[in-house]
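Everything on this sheet refers to the single structure shown next.
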């Protein structure tokens, strides 16, 4: 990918391997313009009139689906929703046949979530149209990382040289993986922290530590991940009280980070598990701002893959 | 609330405590205009262009959700649907976090149904936008009461001095509670009737009786409620044959009411349980008219909370 | 039905008993025009602006529902979706009450799928608006047959004198029944083939055989049906290996048909069960073309029942 004055864009967003810093920054600038649209009383532009976008969720997620649906409709696209739970995949149809079927119906772009890693990459080869990864297994969730980056820049300015701590179940987190891929591209340092059983062997783009103090020390921002309580049943977790004792981000521990270091969480939160509940509502919390920015970022992504320069 | 010449309106509809008679009557007049829109071949007006309305149903109800969705779309609003059954509430997210998340996505009004009473009132405090209660537990279902009032006035004219009988499981009925709140505000007398185990200790706005004959005697209209058969399993009900023998509204008993007294039912009906099946299709039945009027009333409510005078 | 120069059209599509050849051919010509719309970058026409269409699926089928939804929206209709799985039918409401309720909400046309045969015919009597059968039990699936006919004509030209083989579980197939009704109306001969336990006593419009060789011999086209594996559990099927050994359409057996005989399948496929998997992706396969044509055919059907000459 060249970094020319007028960047071209990949016609998909699977992860950030096909994107360079210039393209990402241009996309975040577009998101800034979308933010301005969203501040208007009528939050609607005709940019995607005549396009039909499909949300194809083989793993349920109402908040992410609605965020994408609204983003698409606010650009005047039509949206159809395919949900694996009620689909013929239960009758043995493969992902491929489902997607090729939708493709024949003239869908213009796919927003795809799957519990299996790598399906969006395969989908990109099967289909003739843009694919946006809305989360694939533990692998990637690039629009979440983009909205995190957008939110961090909005608060901190440039991310150059900034230390971002990510705390929680790193092993099973596509949010951690995508942020570890994206944030260093924008100049940040990422430290990922959790109990040893919830850390991967390595995480490209991040330093790993089991020490919460080390992770939070002088951090410019702290991102807390949702603890999937289901993991505990499988013996991957210490008991909940042990987890909370050692890794819950609470007011005292947040003091290890820089003063007023912003606090992020991809949601939905388990209040008083991974995060002291009242912190989520404090002035340091950007949790709600993340959701609002998710709209703007997803509008920008749809715009870039569908009508952006190529 | 003053009763000035140009009434202002609450920017929400939780129950009728914040509404006065003048406001309700003005809303019913707006519904009358919406009724005329619905009689046109193209049942669509641009009144809510650019607004996005969310139906947020933590308790499933297809007919109510579709009624609201159509009402919103016929005023050219965009609609997104959030259903608790497939949502992250099952992952432990609180109502509050779900609603605050949606709020950050720029929703303009919420149509909220929950199995827990009081959630719409809480939602109204958490959110910055209008909340319409589409049913909360046993507490309130104000748009149902409004469509009942609209339907009754359409048939009977003024409700001043009219006797309305409500028959069935009063204890668990938000429809009964909302009608007992609204109909007296419009001048009617409400008598609520059911077996002792299905009557509350008191019902503000209504007289309670276990005598069906007393309830129906000289009634101007009869509203029959759905019998939740599940209640029986919990020992709250006599056997179904006993209930039918004592409380089913049939042709003979309907004769106790005034001649041609209209018959209402909020649906869905258990034919030949709470109501003799053929009565539902008789000339006295307004059951289908209630549904049609629900469209007009919900359009009026959306209009008043979103763009009405304040 | 007269076959005048300007054919009138039934205001419903339940099966083909109320349709004659001229009407079907006129509908397929309209589908050809819709095909041209779908080839444009903006696949949208204003033909059904102001109409509201309901998909009412008492039996889940994402692909068919989405195909109809897209067809309706591409003609600028509004669409509401009612799904039996989350509806009050589970609370005992009858089909009739559900449909009459929707009718009162001012729906302009119904796209109805049910697991019980005959419900669309009943619905047509209960409702005041067009009903399109999207599959009722084992009885009929007329839009599937129309898209099959459209696809076959696109490939073979006129169907006059053509031999079409249908292979698989004929007994439980509404696709087989509707094709056996429609294709002979367009001049074709239909041979339906499967093991004796999966053949009906008779199939109007088709010759029945248990010999795959006889069915495929000199066939102009081969339609393979999905094998419902659930049937086996009920003892209706031989074992899967036995079925595959005797009835799977594979490359060798397809050679019994005419050279390059097109291969159809209504989807979703069980690859390597009823059909050798690679055949589905071969040049002979029209499986994806069927899906694309489904859009055009369903747009044409909606157009004819809603605004076509009557």
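Note that the chains take the letters A, B and C in the order they are written out, and that residue 1 is the start of every chain.
Note that in this section contacts are C-beta pairs under 8 Å (C-beta built on N, C-alpha and C of every residue); 3 or more make two chains touch, one makes a residue touch a chain.
Note that the coordinates shown come from a computational prediction; the quantities given were computed from them, not determined experimentally.
Interface of chain A with chain B: the two copies contact each other largely through different residue positions, with under half of all numbers used appearing on both sides.
Matching the C-alpha atoms of chain B with those of chain C calls for a turn of 120 degrees, to the nearest 5. Centre-to-centre separation between chain A and chain B, using Cα means, comes to 40 Å.
Of all residues in chain B, those that touch two or more other chains are 83.
The touching residues of chain B, when paired with chain A in their complex, are 49-50, 52, 54, 78, 80, 82-83, 86-88, 91-94, 97-98, 100-106. By the touch criterion stated above, chain C contacts chain A in their complex at residues 38, 41-44, 60-63, 66-67, 69-70, 73, 83, 85, 229, 267-271, 288-289, 291-292, 294-295.
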